[in-house]
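The same chain A turns up in both complexes below, where it pairs with chain B and then with chain C.
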Partner chain A sequence: MFKMLNPKRFYYAVGRKKFLEFILLAVFILFFYGPLMNMLMLAFANEYTVPHVLPEVWGLKWWGYVFGQKSLVSSIIQSFTVAVITTVISMIFCIPAAYSIARFKYPGRKIFMLSFLLTNAFPKLGIYTSIAVLFYKYGLMGTYPGVIIIHMINSMMFMVWLPSSAFRSVHRQQEEAARDVGAGPIRTFFKVTLPMAMPGISVATLYTFLGSMEEAQGTMLVGLANIKTMPVAMYGIVLDSSAVQIGAVFAILLIIPSALMIFLMRKYIGPEAIAGGFKMK
Partner chain B sequence: MSDRKIKLQIKDMTKKYDNGDGVAHINLDVYEGEIVTFLGPSGCGKSTILRTLGGFLDVTEGDITIDGKSIIALPPEKRPTAMVFQSYNLWPHMTIYENLAFGLKLRKIPKSTYDPDIKKMLELVHMSGSEKKYPGQLSGGQQQRIAIARSLLLKPSLLLLDEPFSALDAKIRQEMREELKKIQNDLGITVIFVTHDQEEAMALSHRIVVMNKGKFDQVGTPEEIYDDPQTLHVASFIGEMNFIDADGKTIAVRPEDLTVVKGTDKADLNATVRTSMLMGHYVSLTAQYGENIIKCFVDRDVAEDLEVGDAISLAIGKHTIFKDGVRSKA
Partner chain C sequence: MSKKLKTNLAAYGMVLPAFMVVMLTVTYPIISAVIQSFKDEKTGSFTFSNYTYFFTEPAQLKNLLYTLMVVFLTVFIAIFVAYLLALYLRFVKSKIAKTIGTLYLLPRFVPAMCAVYAMITIIRDSGLIHRIGALFGLDITLGLMYHASGIIIMNLWFNIPFAAMMITAGLGAIPDSIIEGARDVGAGRWKTFTSMILPLSVKDVVIASTFVFMTNVGSFTTPYLMGGNAPKMLGIALFDQFNKYLAYNRSAALSVIMFLICSVSAGVYIYTNLKEQDWEK
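And then the complex of A and B:
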C-alpha cells in the first residue's frame, strides 16, 4: 500500500498520461480548495495573526459580531431581496424572449440575440455611468428598481441564450405529438416544452441569482449609499480590514445560497447544459 | 369496393410553401379499414400531405374531410387523427406510462378505465413491463412501438404514420411491419402510411399511392402497381425493371419476365452474356444488348451451360411500353 506513494512507482504504475493528469488535478485542487479551506478556517478563528498557520483561538466570535451588527444583517437581507426579485423578473422577461428566438423565424432575430451580448461586451463602468445619467432623470438612483435593473442587464445574456438553446433542443415533433394527442398550445408549452427545457433554464436562473448576489460595482454606483448589499458591505470591511475574519464569514454566507441552489438543481446542471447555451444558430 | 364507407376524402387539395415547393391538386378517397401508403422519393411531398391531414400544416386550397366532415379549420388537438413521426415521438421527461396516459387524461377519462387499456395495449405491442421506464431506456424500435401504442389508445379515426420505421434496422423493420399489419387487422382502423421504401409499401398496403414531385403518379393495389405501372417513374421506382429503347418507345420488362435461350436468333433480342451471379435458387444474369444492359433471372440449370461472352436470345414475356414517360395503349 505505502509502496504506491513512491512517485516513481506511481508514475510507472499508471502510465505517463495518467500521471500528468494526476499532477494537474492535484495542482487544481490545491488552487481551488486551498483558499476555500483557508477561508473556512478563518471564519472560525477568534484570533489569528499572520505568521501562524492555524488560528490561535477557534470560535464563533466573528459570526456573533456579524450578526450583532445591524448594518451587516440588513445587507444580507437586502442582498437576498434584490437577488430574488432580479431572478423572478428576469425569468418573466427573458424566458418568453428565449422561446421566441428558439421557435420563430423573424427578421432581426440574430440581431436581437446579439444585442444581449452587447451588454456584456462593453466595459461595464461605461454602461453604468450612462445608465446613471438616465436613472437620475427618472429618479431611479438609489432605489431598488434601479439596482434590480442593473442586475438584470448583467444577467440578460445568460438568461436569454441558455434557455433559448434549451428550447431549441426540444424537437418540434415532441411538441407536435403533444398537440396531436389533444393538448392545446399552452398546455403543450407547460407540460412538454418547459419541462424539457428545464435544465438550461435552471442553469440560467442559477447564474442570475448568483450573479446578483455578488454584484458590487453597479450596485454601488446606482444604489448610492441607500442600498447596501453584501458585496457592497464587504468593500467597506475589506477597506477597513481590522479583521479578515469578517470577510471570511461573509464569504461563507455568500457561498451558502450558491451551494444550496447547486445542490437543489444538481439534476439539471451538467457541462452539456452549460456548453449548450453558447451555440448560436 | 363501392359499398365500403369512405373514411377520408382529400378534395383538390393544394399546399404550397413560401418557396413554391409543395403538393398540388391532390385527390384521394380512403376507405374505412384500409392501409394506404404514400410512396415516393425523398422530397416528393409525402410528409407534406400527411402533415396537412394531422393539422400541422394549413392547406392553401381544397378540402379534407373525415367521415364527411371538413377538418381543415381544426387545430391538431381537435382532429380525430393520431400521428406517429419518424422519431422523437415520446416525451423524455415522462415515464412510458405517463406518455401513454397523457392524452387519455386530457380526455378526462378516469384512471380506472384507462389503466386496463394501457396494460392491454402494452401487451399488444409486446412492451408489457416497461411502464416505469423512461423513453431513453428503450431502443429505437421499442420507442416506436410505444408511440404507436399511444396513438392507438386514443382510438383515432385515422392513424397517420410518417416513416415510423425508417430509423430501425432491417430485421426489426420487418417485424414491426408484420405487427402493424396484424394490429390494424385486429382493430380494423384506417391507416395512412408514408415511406420511401417500396418493399415496405408492397408488404403493408391495401393500396399504394406512388408520388413524384408533388403529384400522384398512380394509385392502385400493390399488384396493379407492380404489374401495370402507368408511368415510367412508377415502373422504375417499384421492383426491378429493364428499360429497352426501341424506335422512340421504351419497353419495360421485369427480370423474371425474360426467357433466356442459348444461341442467336432464337427469340426477340440477340444479346451476349455479360455477368452471371448465383442468388440462391436462381441466377441473376446480365446481358449486353447493343448499348443496353439487361438483367434476367434464370433457373440454375439454364445458367449452368452459359459462359460469359456466349451469344443468347431473349424472349420478352409480360411487358409495358412507354411513350414520353407515360404508358402507351398499344
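And then the complex of A and C:
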C-alpha cells in the first residue's frame, strides 16, 4: 500500500491517463474544498498560533463563545423568518407567471420573460441603492417588508425561468389525456403538470431560500441596524474579530442550512436543472 | 366571451402580478436613479457634474479601470478553465470524472461570505500556506490579501464551477451520434473539436461569459472582505458614496455608469438567447 505514495511508482502502476486524472482531482479538491476543510478544522481549534499547521489544542471553546452571544440567536431567527417569508411570497408571484409563459402564446410573452432578466442583469448594489432612496421616501428602510422586497428581487429570475422551463418539458399530450378522462383544468394542473414539473420548481425554491439566507449586501444597506440576519452579523465578525476561530464557527453555522437542503434535494440537482435558470427559450 | 380571449385573459392574469413586482422594484427605481443622477446635490437643477466627477477625479477613474481589469481577467480565466473542465466532464467517463461532476455543483450553494472567509484563512499572510511553508523552512508571504490577485482568485472559485456547469449542460445536449459521425468520415480529434463541438457550444460559452461579467461588475462581498483601500472595486466605491458620504446623486450616477457597462453584456446575452440557431427552428 505504502508503495503507492511514491509518485513515480504510482505513475507506472496506474498509467499516464489515470495519473493525470488523479492530479486533476487533487488540484480540484485542494482549490475548491481545501479552504472549506481548513475552516472546518479551525472551528474546532482552541489554540492556533502562527507557526503551527494543525491546532495545538482542539475543542469546542469558540462554539461556546459564539452561542454565548445574545445577538447570534436573534440573527438566526431573523434569517429564517426572512428566508421563509421571501420564499413563500416569491412562489405565489412567480409560479403562475412561469406557467403562463410556458404554456400560453400571447403577444408580449417574450417581453415579460425578458423583464425578469432585469433583476439579474444589472449590478445588484446599483439596484439596491436606487431602491433605498425610494425606501427612505416611503418609510421602508429598516423594516421587514423592505428587506423581503430586496431578497425577492434577487431570486425572481430563477423563480420564473426555472419552473417555466420545467413546465415546458411536460408534454401537452399528458395533460390532454387527463382532460380526456374527465379531469378539470385545475385538477389536471395539480395531479399531472405540477408533479412532473416538481424537480425544476424544487431547485428554484431551494435557490430562493438559500439566496435569501446568504444575502448580505442588500440587507446591510436596507435593514440598517434593525435587521441583522446571520450574513450581516458575519460581516462584522470577519472585519473586527480578534480570533479567526469565531468567524470559522459562524461560517459553519451559516453553511448548515445549505448543506441540509442540498442533501434533501440531491436527486434534483444537476447541471441541466440549474442551467435552465439562465436560459430563455 | 370567446374561448381564445378567455385563455389570453387567464394568461395575462397569471403573469402580470410578477411583472408588476419587477416594474415597481427594479424598473421604477432605475428610472428614478437616472433622473436623480442628472440633478445637482444642493439646488436640484440639471447638471452633468455627477458623471464628470467619476471620469475626472483620478481616484475614481482608477477604480473604474481597476474594476474592468479584474472583471475581464476573471471572465477570461474562468471561461477558459471552465471550458476545459466541461470538455473533460463531457467526454471522459471515469469514476474520477463522475466525482468531479458531483463536487463541482456544490460551491454554487456555499454562502458567498463563508467561501471568502475560508479562502482568507488559507491565503492571508499568517494563513495555511504560510504555515506549511514554515514547516519546510520557507518564508512564504503571498501578499494576496488586499490585492487584485486575491479578488481574482476568489472570483475564479465562484465562477469556474458556474461557467463549467453552463457549458457542460450545453455540451451534454450535443448527441454522441454527431461526434461519431464526424469521426467516421475521417475527422481527427482537433478537427472534430473545431468544426463540430466548438460551434455547437459557442452559444453556452457566450451566455456563461456574459453572466460572469454581469455578476462581477457589481461584486461586493469579495472586495469588501478581501480588497484594499485604493483602488477599489466599483461596488465598494458605490457603497461608500451611498453609506459613508450620503452623496445620493453621485451614487445614482455611479449606479447608472455600472448599469451601462452591464447593459452591453446584457445585450449580447439577450441576443444570443433569442437568436434561434438554424437547426433549432
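A few notes on this one:
Note that in this section the second predicted complex is superposed on the first by the 255 of 281 C-alpha atoms of A that agree within 3 Å, B and C clash if a C-alpha of one lies under 4 Å from a C-alpha of the other, contacts with A are read in each partner's own complex, and residues count from 1 in each chain.
In this section, contacts are C-beta pairs under 8 Å (C-beta built on N, C-alpha and C of every residue); 3 or more make two chains touch, one makes a residue touch a chain.
Quantities reported herein were computed from a predicted structural model and do not represent experimental measurements.
When both complexes are superposed on chain A, chain B and chain C end up sitting side by side without clashing. Of the two partner chains, neither chain B nor chain C is touched by A:A13. Once the two complexes are laid over each other on the shared chain, residue contacts for A:L60 go to neither chain B nor chain C. More residues of chain A are touched by C (comparison of chain B with chain C).
Legend: residue contacts after superposition of the two complexes on their common chain; A:I256 is shown touching neither chain B nor chain C.
Residue contacts after overlaying the shared chain place A:P51 against chain C, while chain B stays out of touching range.
Between the C-alpha centres of chain B and chain C, as seen from that of chain A in the superposed arrangement, lies an angle of 90 degrees, given as a multiple of 10.
Between chain B and chain C, the shortest distance over C-alpha atoms in the superposed arrangement works out to 8 Å. Within chain A, not a single residue is touched by chain B in the first complex and by chain C in the second. Against chain C, the residues of chain A that register as touching in their complex are 18, 21-22, 24-25, 28-29, 31-36, 38-39, 42, 50-53, 93-94, 96-97, 99-101, 103-104, 106, 110, 112, 114-127, 129-134, 149, 152-153, 156, 160, 206, 210, 213-214, 216-217, 221, 231, 234-235, 238-239, 244, 247-248, 251-252, 254-255, 258, 261-262, 269-272, 274-275, 278-281.
Those residues of chain B whose C-beta lies close enough to touch chain A in the complex are 54-56, 75-77, 81-83, 85-93, 102-103, 106-107, 147, 150-151, 154.
Residue ranges on chain A touching chain B, taken from their complex, read 171, 173-174, 176-184, 187, 191-192, 195-196, 198. Chain C contributes residues 7-8, 10-12, 14-15, 17-19, 21-23, 25-30, 32-33, 36, 88, 92, 94, 96-97, 99-100, 103-122, 126, 128, 131-132, 134-135, 157, 161, 165-166, 168-170, 172, 204, 207, 211, 214-215, 217-218, 220-221, 224-225, 234-235, 238-239, 242-243, 248, 251-252, 254-256, 258-259, 262-263, 265-266, 269-270, 273-274 to its touches with chain A in the complex.
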